[in-house]
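The chains carry the letters A, B, C and D, assigned in the order they are written, with residues numbered from 1 in each.
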Amino acid sequence: MIVVMERNADAKDVKEVLDRIEEMGYETHSIEGISKTIIGIIGNIDREELINSLGAYPNIEKIVPIQEPYKLANRSFKNEPTVIKLGEDVTIGGKEITIMAGPCAVENEKQIIDTARAIKKAGAKILRGGAFKPRTSPYSFQGLQEKGLKLLKMAAEDSGLKIITEVMSSEHVELIGKYTDIFQIGARNMQNFYLLKKVGNAGKPVMLKRGLTATYKEFIMAAEYIMSEGNYNVILCERGIRTFEDYTRNTLDLISIPVLKKLTHLPVVIDPSHGTGRRDLVAPAATGAVAMGADGLIVEVHPHPVKALSDGQQSLHFAEFREMLRNLTKVARAVDRKIISY
Amino acid sequence: MIVVMERNADAKDVKEVLDRIEEMGYETHSIEGISKTIIGIIGNIDREELINSLGAYPNIEKIVPIQEPYKLANRSFKNEPTVIKLGEDVTIGGKEITIMAGPCAVENEKQIIDTARAIKKAGAKILRGGAFKPRTSPYSFQGLQEKGLKLLKMAAEDSGLKIITEVMSSEHVELIGKYTDIFQIGARNMQNFYLLKKVGNAGKPVMLKRGLTATYKEFIMAAEYIMSEGNYNVILCERGIRTFEDYTRNTLDLISIPVLKKLTHLPVVIDPSHGTGRRDLVAPAATGAVAMGADGLIVEVHPHPVKALSDGQQSLHFAEFREMLRNLTKVARAVDRKIISY
Amino acid sequence: MIVVMERNADAKDVKEVLDRIEEMGYETHSIEGISKTIIGIIGNIDREELINSLGAYPNIEKIVPIQEPYKLANRSFKNEPTVIKLGEDVTIGGKEITIMAGPCAVENEKQIIDTARAIKKAGAKILRGGAFKPRTSPYSFQGLQEKGLKLLKMAAEDSGLKIITEVMSSEHVELIGKYTDIFQIGARNMQNFYLLKKVGNAGKPVMLKRGLTATYKEFIMAAEYIMSEGNYNVILCERGIRTFEDYTRNTLDLISIPVLKKLTHLPVVIDPSHGTGRRDLVAPAATGAVAMGADGLIVEVHPHPVKALSDGQQSLHFAEFREMLRNLTKVARAVDRKIISY
Amino acid sequence: MIVVMERNADAKDVKEVLDRIEEMGYETHSIEGISKTIIGIIGNIDREELINSLGAYPNIEKIVPIQEPYKLANRSFKNEPTVIKLGEDVTIGGKEITIMAGPCAVENEKQIIDTARAIKKAGAKILRGGAFKPRTSPYSFQGLQEKGLKLLKMAAEDSGLKIITEVMSSEHVELIGKYTDIFQIGARNMQNFYLLKKVGNAGKPVMLKRGLTATYKEFIMAAEYIMSEGNYNVILCERGIRTFEDYTRNTLDLISIPVLKKLTHLPVVIDPSHGTGRRDLVAPAATGAVAMGADGLIVEVHPHPVKALSDGQQSLHFAEFREMLRNLTKVARAVDRKIISY
């Protein structure tokens, strides 16, 4: 960590800071520049402790962290990419790009069974579908809850798919864990630290969605929360950030793929449906994601988008989904990855 | 609600949409413009249901909501400003601007007792202090938890102050409710809907902090979640939004004060400490807030900021806090409000 | 255009607005909803005139434009994509994806000649290089100016390349027009309206870079300025927008490609160098751009990035550039486009 | 400046960088930490030269500048605040807060004469009014140009006011300089470097508006461009930044006032009209600005906002303006400043 002293700090001010750092047990090196003094701090540093202590000195201009705050997610902790295995033939993070698809919300038996069969037939491996739904309005449909989980399970078994579904509250981790293969943490809960810890102990893979306004560092730190409880099977999911542009629902940050794969060893999945919010942009977004190295896609598909109880405007019809996968297969091959489509 | 059809939608496309809307039970009016047709929808509309249904029609360009999605928080529901009473002499939302102050985290008995006495002596009415702390890193100090709540209670009783403290998880609502006078919901949990519902049932006032990237509408909708459970004593707290500027920790959005007070009847509190993240900017920010109509301030104060376990860089010394209040008293008077300082 | 009246507007308020609109020569239709009245305005509307006039009525809540404000750039004005021809074998907007490359700034004869030969050999068609440089600091290298233009011309002729170079001021349009094949308007000048009009009259294609914080609509309106002077050969260039994320120099908005190509008929070029600001991200960004339908790429290449006078951190070595093009050729083929590489 | 080497950089990599820095004439100090090496660079550093040279080394993780890039605008260059004098009794930057007001655009003789008289009578000292208008659409009213300047001059002389008006192109500096007392550079031209240099040589004060997405540093660097040409009479004007919030036209960043006044010695003016875009928010924004230390306000006033050719929705009526000034007088007094109102 580096401490930059204010221009008008004198020798006494510098000494006071040096003393405080040494009192905390670190080694220091100071460099006197032409107008300002900087102090380098050496040791296995507790970042927040240091920032809190030093931040309050009036003559410190800024504190520059040098080491990344995340440890377990860091490439320097584990260099080979993490490959998550679900049963015999489903992996996330390997050469094959994993396709997850399904409706925004589980609505009824026919809807979820039909969708599961259609996506399986097109090439998907994992069924998505919300049973507990985070809704901006308290007056909107909040999901079928446990009944939805049961339908999801039935549809997945019928088609031979794995399940991913969202958990919104630490109180539901146990219940949802009975049905799902992967826990999904939504963007709004990315920093719901109690929930992160709870799924960190639940013994199943977790897909963590990036908060609307989370930096890469904050996103990785949220994964670190889960990993620090002993669960290393974390999948990072980019689903659009909030910017000034309002033509799309969010701005899908595709460059996050190579960045996150450089900084961490975790698999990266893209959600082109929430990332764009418009059906006509789902396929272009998915194509870019595959070309740029995504390890998976999670896509909203619905038998009749115009009758969907949620997210109809960004859900693909079965035929659109199937055609998209076929085109993606060619792009995956061009970048030496693999997508199965029929 | 208004539906704008795409330029190339023909009469058949328009009819299909009109039929769907009428099937849902609403009255329609369509207007044929030079290049596009628009449809007005009349009735007590379920926004999300309509948006979901119509959003998926390929020939609809956009859907423009006309009514605000919030009902209970709306000025049109209740025109007089909400005044929250805590015991006999503490109110939030009246002529007097309510001062809340205290350390970021409760650290030990002496720290919290000293701080409570100092802020009381300066003019504050409510003691803040975190017992459960949301921390970006799992490796940082997470708060004293129940022990912290007990210390907070002891300090508040000793000084004759009310308490505000953060609840981070629905599992802690009951416990924290035993100690606090006001629940605080942090910015990261603004859309933790289960938590919102839980505090909506807890029978005590709730101060809801605006999420880093929440629009006014989303912020008010989160308050609506709490109110829809029957708890109307909600306080809105602006604490800085995230922008491209990185000189300050956040960008404090002071214009939110007149906006939120126009759109809702709820009291608005400003947090100049998190809003700026820099001790030298706390007083200017608080001054602006008072001038612009804030109903309260929540300020970080610590006996020794350089030794604080968290947020030292934005905490005021006792003397700074006292001087700030004295200056604010004059500004409050200039805008026909009242701040008590000694 | 639609006018939404405030909830508390009465019949007299509505009539006043209706009268004003009719006085301006438009036809009106009003719809009385349950809580608010909306007014539809029909005719070939002068948006800004209407917004200015009506915006000041105190009982109007909001004004919702229905027609796009751009005409000449609109797909509804011209449906086939614009293909720009430069001499016999260089086109922008056709099946072949056009590669533009070169140093940030022209520094000396050897640098530009070597670069031109290297990029030509790799497959590029157009040489980029700044002679007039927009620099954040007045104390930085500002470019070789006319001498730079001459070197650029010499290098382009030596290698058989076309030229693109930036014009920063309306005073230089004539001079730069003597040397360049395409004018580049930088992001900082996207709304320098005098400059836009000037290049709109200069008789050569113009590549317009998106401002750091320009919405799609504002970006297209800036193109409309150029086109409204009679120059229809405009290329749109996305080069990153400003967000809260600071790991990359900017956030490259790749979804802009399908959006801009849907809304307009103009070719879209991506700048992965400025868009990311990091050499290791240039190839992934370019790969995504090609997969998502970009009509061209503009890439910074330098013989010795570590000795570059500007943008060294985002410039590719010759070998990196060549390898990138080879890989892009495969991706282009997978999406039925063409990139020439050797 | 500090250079942070990548974790995997070895002694040879570090040496290569050290050699390059020393070759450029600077002194170095390196500190080996537990996982990374950092290098301190000492001397009067040419930031951009260094960043460009070093940025391209593959083993450098990041470069952290220590000195501010601006010199002449810096408080460390000149500590006393700059006070700009216009004739005998108008100053900007002194104890009195300077009020500038007038219509968005000069429309005709009666409009500008009436407005000048009304604002003078209320307490304003400087008349604003656009003769050359930057408009997002090429089809909108572009201003009366020289005729507008003449009317502005006539109105100012009639009422005894000074003039501020916008210059949009370097080609107009001479013409506008014949009429105006202060040049205004609009937000869209904040980084139009040729224009900045031109007004830097024009011998009259310049008010520079902050770009919609300019950081404080970039804003100050733009002022530095003007100052580096010898013109030290620069006024900084905050007029709202672009964020995700769309209820207001922009997000007015009031905390910029204490920040800019700490970092520079230049006067800071707030534009509450563009900063909010809504008439009902102009007075609250102005009140906050005065309380927080603004040296001036620039406000849109129009005899009949509902008939204005531009910005009617954010223009005050004469009576509203007068009442606002009266209220501001009390707030100014509370923070030991002065506003004249009648």
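Everything that follows uses one rule, which is that a contact is a pair of C-beta atoms (placed from the backbone, for glycine too) under 8 Å apart; a residue touches a chain by one contact, two chains touch by 3 or more.
All values derive from a computational prediction rather than experimental measurement.
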Chain separated most widely from chain C, comparing mean CA positions: B
Winner on C-beta contact pairs when A-D is weighed against A-C: A-C
Whole-Å separation of chain centres (CA-atom averages), chain C against chain D: 26
Centre-of-Cα separation between chain D and chain A, whole angstrom: 39
Centroid spacing, where centroids are CA-atom means, of chain A and chain C in whole angstrom: 31
Residues within chain D bordering two or more other chains: 213, 242-244, 246
Chain C partner contacts - residues on chain A that touch it in the complex: 213, 215-217, 241, 243-248, 251-255, 257-259, 262, 275-276, 280-281, 284-285, 287-293, 327, 330-331, 333-335
In the complex, chain C residues that touch chain B: 2, 4, 7, 29, 31-36, 38, 40, 42-44, 64, 66-67, 76, 242-244, 246
Chain A-facing residues of chain B, complex: 20, 46-49, 51-58, 69, 134-141, 168-171, 188-189, 191-195, 197, 212-213, 218, 221, 224-225, 228, 242, 279, 302, 305-315
